[in-house]
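Comments concern the structure below.
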Amino acid sequence: MQFPYDTSYRDSHALLRYSPGRIAYALLVLALLAAPWLLPKYYVGEISYLFIMCVASLGLMVLVGYTGQVSLGHSAFLAIGAYVHSWMLSQGVPFALAIVLAAGITGLIGLVIGLPAIRVSGLYLAMVTLAFAILSEHVIGHWSSVTGGFNGLTVQKPVFLGLDLSSLHAFYYLCLAVLAAVLLGLVNLLRAKTGRAFMGVRDSEAAAYSLGIWVSGYKVLAFVISAAVTGLAGALLAHHVRFLTPEGFGLILSLELVLMVTIGGLGSLRGAILGAVLISMLPTFISRIKPMLPEQISKQFGLEIFVFGLVLALFVLFEPKGLNGRWIKFKAFLQTFPLYRKDMFKRGKTYMKSERYK
Amino acid sequence: MSLFAVRDVSLRFGGVQAIGNVSFDVEQGEVFAIIGPNGAGKTSLLNVITRVFDPTSGSVAFEDQEISSLPRHMVVRSGIARTFQNIELFEGGTVLDNLLLGRHRFGHGSFVSQCLWTPGVRAAEEQSRAHVEDVIELLDLMPHRNSPVAGLPYGVRKVVELARALATQPRLLLLDEPASGLNPEETRELAFWIDDIQKDLGITVIMVEHDMSLVSEAADRVLCMNMGQVLALGTPEEVQADPAVITAYLGA
Amino acid sequence: MNQEMVQVIQLAINGMAIGAIYALVALGLVLTYKATEVLNFAHGDVLMASSFVGWGLIVGLGWPFWLSALCTVALAAALSWIIDARVMRLIVGQPQFAGVMLTIAIAFMLRGLVSMVFGPQSRTYPTPWSDQKTQLGPIIVSDLSLVIVAAALVITLLLFWFLKKTTLGVAIQAASQNQLAAYLNGIRVKRVTSLVWAISGAVAAVCGLLLAPTALVDIGLWIIVLKALAAVVLGGFGSIPGAIVGGLLLGLIEQFAGVYLPDGFKDAMAYLVLIGVLILWPRGLLGEAHGRRV
Amino acid sequence: AGVSDKEIVLGTHLDLSGPVAAGMPMIRNGMQMRLDEANEGTGVNGRKFRLVVEDNGSQPQMAVRAIDKLIRKDEVFAVVNSFGSGPNAAVVKRAVDEGVLYFAPWGASAIIRKSAGDSPLLFTLTPNYDTTMNTGVKWMLDTHNPKKVGYIYQEGPLGTLVGEGVKKALAAKNMTYAAEAGYKAGDIDFSSQVARMKAANVDLIVAATLTRETIAVMGEVKKLGWNNVKVLTATPGRTGIVLTLGKETVDGLYGVGTWKLYSAENAPAQIKTWFAAYKKRFNADPDENALLAYSYTDVFVKAVQAVGRDVTADKVSKYLQSNSFDGPLFYATQSFKGNHLEPEYVEIDQVKAGAWTSLTKPLK
Amino acid sequence: MKHNNDKHNATMAMTQPILAVRNLETWYGPVNAIKGINLEIQAGHIVAVLGANGAGKTTLLNTIAGVIDPFKGSVEFEGRAIHGQDPDQVARGGVVLVPEGRQVFPFLSVRENLMMGSFARSSREGMAADLARIFEWFPRLLERQDQHAGLLSGGEQQMLAIGRALMARPAVLLLDEPSLGLSPLLTREIFSIVKRINTELRTAILVVEQNAAIALATANDGYIMELGRIVAAGTCAELMEKEDVKEFYLGGAAANADREDGQKQRWKRRKTWR
């Protein structure tokens, strides 16, 4: 059993207060650093991709999980980040500058898309972002002089200080570094004033105003941060794919991102990462288990999507608080060990609360 | 010149005249109660003061500054904090989170330094926390400090809201039915707190209230509204003795 | 009538015909939204599945069209009832978005099931109206479009009357606005919400059956739900007239933008209008006035 | 890589879960059929083919993961008959850079070529949309002399590429589009596109459309009673399925064919047996894609067979480059020039009485 | 406490109670909100439940109404167990709850809200008369009958919620803090209406209330809850005699005495019942 207690104010916002947690995370970091030498090539590449999706998922989580604004158009920010980055590389802009500018420009576009959020909210906002994504796909497809249109755009290799970052290992570390930086930055931001203000905007606008939170400002700020982080992920994704076409950034990708944050658990960065891992690995996992099924079933078309849907449904049904919720229960189990009651988290009757007044 | 002045404020919702030409002054250090039948426009008046609604006409001044055209989020910066009739807490957070949000109007470092969690930001956080702890202590919230507000009993939630308003270090505090849902014992405690807030912290209080025991115990002056109009204004005793107030509000 | 006029009228008629389909699909979305505040992403897939079932009955089993249509509608209603009663029910009280996720999951499963059961190939079946058209002076309308418009009209009026004028209809609205209070008033909330889902499923089946002759029985039919979504949003969530207005508007915009604006603006225009409308009317054209009292 | 004592591992990535998943069983089955034939007995020089199928969902990102798995985990010898312009363009470079043969990707050959940096390990067999369309439209212009030409296209690589060919043919006659109208994959209504054509009063509509859209466009044209217009569809619309689903609606439709088309009735005996074998094995009627996948695989298998026991990508590549091939769907014997199967024959067909009837000999 | 309960039960043992709660225990996840409660309502009686914040009063009512399932124990209505039923079933059975915090249907008009109340009634008969009576009792609602309920003031919503429950013609009416946010005049009116409902319609009423004075004056019997348990029970007359009740619930003499010397006494004596 573990009892939380603070001995100074600092304790309460410390990130890892107890040594088990510290040790666990230190081990995780070590494992991630060593992974490229320990794992087969294929997995190293897969994990790099996971890192990228984690960054994108973190970006969306800031918006959906912390300010409660749903975006169905985040694939557009990925696309913008990827295209801006690739275009700048092709214009001879150095890699480091290009990736920062890609994030910055995507952030600016996030600002423009965030402006309607001042007036529009909920599902209406989701639709605005969806419309934006469709429009931007349209623009990318038709602005062929810059984007290569539907014929695609080849992405130049990432070179930083004369170092080729496109090799399997170098790219792995690049993605890991970006993920770590984004994660730390967001963790800090969200435990500081800005993060609390986001929560305020999400839970009660009336109260937020009364405490001096400039609600519209923070809503737009969340869009900007979210877009910039997602744009950053887009820039990395460009190097992962090495060849950009507009179809790569459609509605499906947006949905996947939204699935990541909801399955992960809204309102938690850990959830964003867990969700990204689950959703990105699921198709691979399904195709791995397929050969184990009898031929009549495994050769059926539609099996993939059916199983994908089934797994999603099971997750939503049995863990509506997301993977993060599961994690918290697991921790509670460990911390209260002999006293843990199974029905501690049992769900009783629940009733729908209208969200229409928001 | 008084600390706070409402001048000829009117508010219409379509055909409903929620407030009609209400004027009053509140002096520094006063506890000013607003009473009146349900639907008299009391909450609406607080909403006009805190810029939730634009008044159809009239003006509101605080410390000689016109506040009826401030952006909504700037009101608290001029020193006015409020609570809500139907509790508006941040349900996703703990009591502590809610109170720390009350400190929003004080600087905590730039955006970038927040991302980097610089020593400056950390110091600001700790300072906020120290201030919040004072409020927690004042209002006896220690046992609930780290509880999620979502599961708290109604009465505690009311106190948390009050505490959050206090955390903004206001000079004028607007309370909307602070005693509703409290039992007499708790109401008496609230009276003590209001007393402390007024005497020790020097905060002027305007409260909308239906519990006459609290009003007569805590308030210096009382305004009674009816159908959006001022019905009576005076000391608690005077107002409670006013026959118009008795017929419209108190009952025989 | 000069050439130009004929064209404008023809376009308007075409736009209304396609708009009526959008509106009808949108109507189904509005219903489930009204009853359970779930944005049903699986609606398009119920529609698609119904068209396959319709094919199975008409072509596969060789049943007469009307009997098959009736059975298909009943099956779709039953399916939707089950989706609500057995699946959606389990996550009541969770944030709105959990519901959206769940319907997406159900959508995937339906799509997978249909292609596993029927195979993924496109197909078609005959209807009493296939390849028939009606000529009104210089204007030509396919009979199917007329049927669609009529169906949209009848269904809308029925639903409108049902929700506004019958006690059960008002109870449906009540259950959606405050479920706990509805329970406490003795409204059989579970039955009522499932009923609405079933109605919505039936409407989807009608759409699926009417759409298949022109758009083929195809797994990709579900995509129409995106258009319907745009229509719902244009008109305002939870508003039945809104869904109709939104759907028709969308159809007309597409039609006229497709002919009179430069190539490439057909879809873009619809979404630009959508964004513009929402900025001016953040709750859609006919959405309920909202805002919480504080 | 991919060649062991007993086995040659081949990979492919198809759209198993995306928008065109419906067509994939045909490709996979056709390919599998040819490989199984090769595996009979002792197999190919003592080795047997094993095929690994991955899903690309028609999305570049998924394709990248699929190819990474094929290359790094399954260590395939070659990627054969992988599907989709975008997915193939996105991944081809990864494969050839690792020394993996990339054979017969289904998609826009020129784009895939460009993306691969003209690697000698890439062999494209799909005729280019732009060049074949150029030939087809040219024939229409010469034969029917349309005054105004309109273009209806699916937004995406198909529309872009076909458009390039059409434009080129028009430019040669000093013409441009009188009207063009795009649509998005998944659209169900084509009345506005056809109305736009009608408004521009065109007398030839070139349609870069797939099955459903081709039928719908024809349906609109017929509905309007618009008799003095011809509709020419590109290869993806010139299929058997368009006939079965479109019925009378598609009567009179012109199509640009880049391979022979058989139906169960009019096929030569040899093809009929093949149809029967397919039906027996997969319990479904094959379409031209199945046969096409079969023929492409056939070319590949022949090359592997020919180089003998010591199989390397280089050798297979050399063999392919220096020999010519025939197949049941090819209009004539063809060979690889610059690793692309040439010449690109084109035939103009028209739907008459429910069947594609050729109007021309194969044109170059 | 035991003693109290026994005596209380003994006095009423001859008639079967219309509603009986036995050994009820309810949990919110890890929180034990009520810890074994026994309570009875005789037909035609008004019972008041008093208690501090968080005592579990709302939880008790919610458990009776079927909003929450109890962990242990039973709720019996007219001798039949009703715990574990869905709230709509309980309501149609005749036990209707007016929940804490004005649960109105915000986008329905006031009149439609009232119509919804009649869903639980067994017969449609006399509905118009009931509606008229409610409008007579709450004239304010008549004025606002076509307005969306969500736009009413707090007090107006409370009236609406009570009126709506009455439309169900319940056998047992459960009221959770009906005076919350009402003006003193209205509070009194509501309680007089409660009394009238009780006498005119013979409805048994269980009312949770902070305003103990008026609650005890209206009710026949009372219970006092603290931290999930019943700590005192008896007829209202008995309860009003208790010193503790006087001091803590009736805002008794002790508190006012402190002010005599001009200085408020800052001590807070917290009652712990045992």
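Lettered A, B, C, D and E in written order, each chain numbered from 1.
Everything that follows uses one rule, which is that contacts are C-beta pairs under 8 Å (C-beta built on N, C-alpha and C of every residue); 3 or more make two chains touch, one makes a residue touch a chain.
Values in this document were obtained by computation on a predicted structure and should not be read as measured data.
Enquirer: Which contact partners do subunit B and subunit C have in common?
Expert: The common neighbours are A, E.
Enquirer: Using the touch rule stated at the top, which two chains are linked by the largest number of C-beta contacts?
Expert: The largest set of C-beta contacts joins the chains A-C.
Enquirer: How many angstrom between the C-alpha centroids of subunit D and subunit B?
Expert: It comes to 72 Å between the two C-alpha centres.
Enquirer: How many Å are there between the centre of subunit A and the centre of subunit C, using C-alpha atoms for each centre?
Expert: Measuring from centre to centre gives 32 Å for this pair.
Enquirer: Quick one: report the Å distance separating subunit C from subunit D, using the average Cα coordinate of each chain.
Expert: Roughly 35 Å, centre to centre.
Enquirer: Please work out the Cα centroid separation of subunit C and subunit E, and write it as a whole number of Å.
Expert: Whole-Å distance between the two chain centres: 45.
Enquirer: Would you give the residues of subunit B that are in contact with at least 2 other chains, written as numbers and ranges?
Expert: Each of 43, 52, 84-86, 88 in subunit B touches at least two other chains.
Enquirer: Out of subunit A, which residues touch more than one other chain, so two or more?
Expert: Expected reply: 138, 206, 301-302, 304-305, 308, 351, 354, 356-357.
Enquirer: Give me the residue numbers in subunit D that touch at least two other chains, ranges are fine.
Expert: Touching at least two other chains: 21-22, 24-25, 155.
Enquirer: Mind listing the subunit E positions that touch subunit A in their complex?
Expert: 27-30, 67-69, 86, 106-107, 150
Enquirer: Contact residues on subunit C for subunit E in the complex?
Expert: Contact set of subunit C toward subunit E: 167, 170-171, 173-174, 177-178, 180-190, 288, 292-293.
Enquirer: Which stretch or stretches of subunit C touch subunit D in the complex?
Expert: Answer in residue numbers: 7, 10-11, 14-15, 17-18, 21, 115, 119-124, 131, 133, 140, 142, 211, 214-216, 218-221, 223-224, 254-259, 263-264, 266-267.
Enquirer: Residue numbers of subunit D touching subunit C in their complex, please.
Expert: 19, 21-22, 24-25, 155, 179-186, 188-189, 191-193, 195-196, 198-199, 211-212, 215-216, 219, 222-225, 241, 245, 248-249, 284
Enquirer: Please output the residues of subunit C touching subunit A within their complex, sorted ascending.
Expert: My answer: residues 36-37, 39, 87, 90-98, 101-102, 104-116, 119-120, 176-180, 183, 226, 229-230, 233, 237-238, 264, 267-268, 271-272, 274-275, 278-279, 282-284, 288, 290-292, 294.
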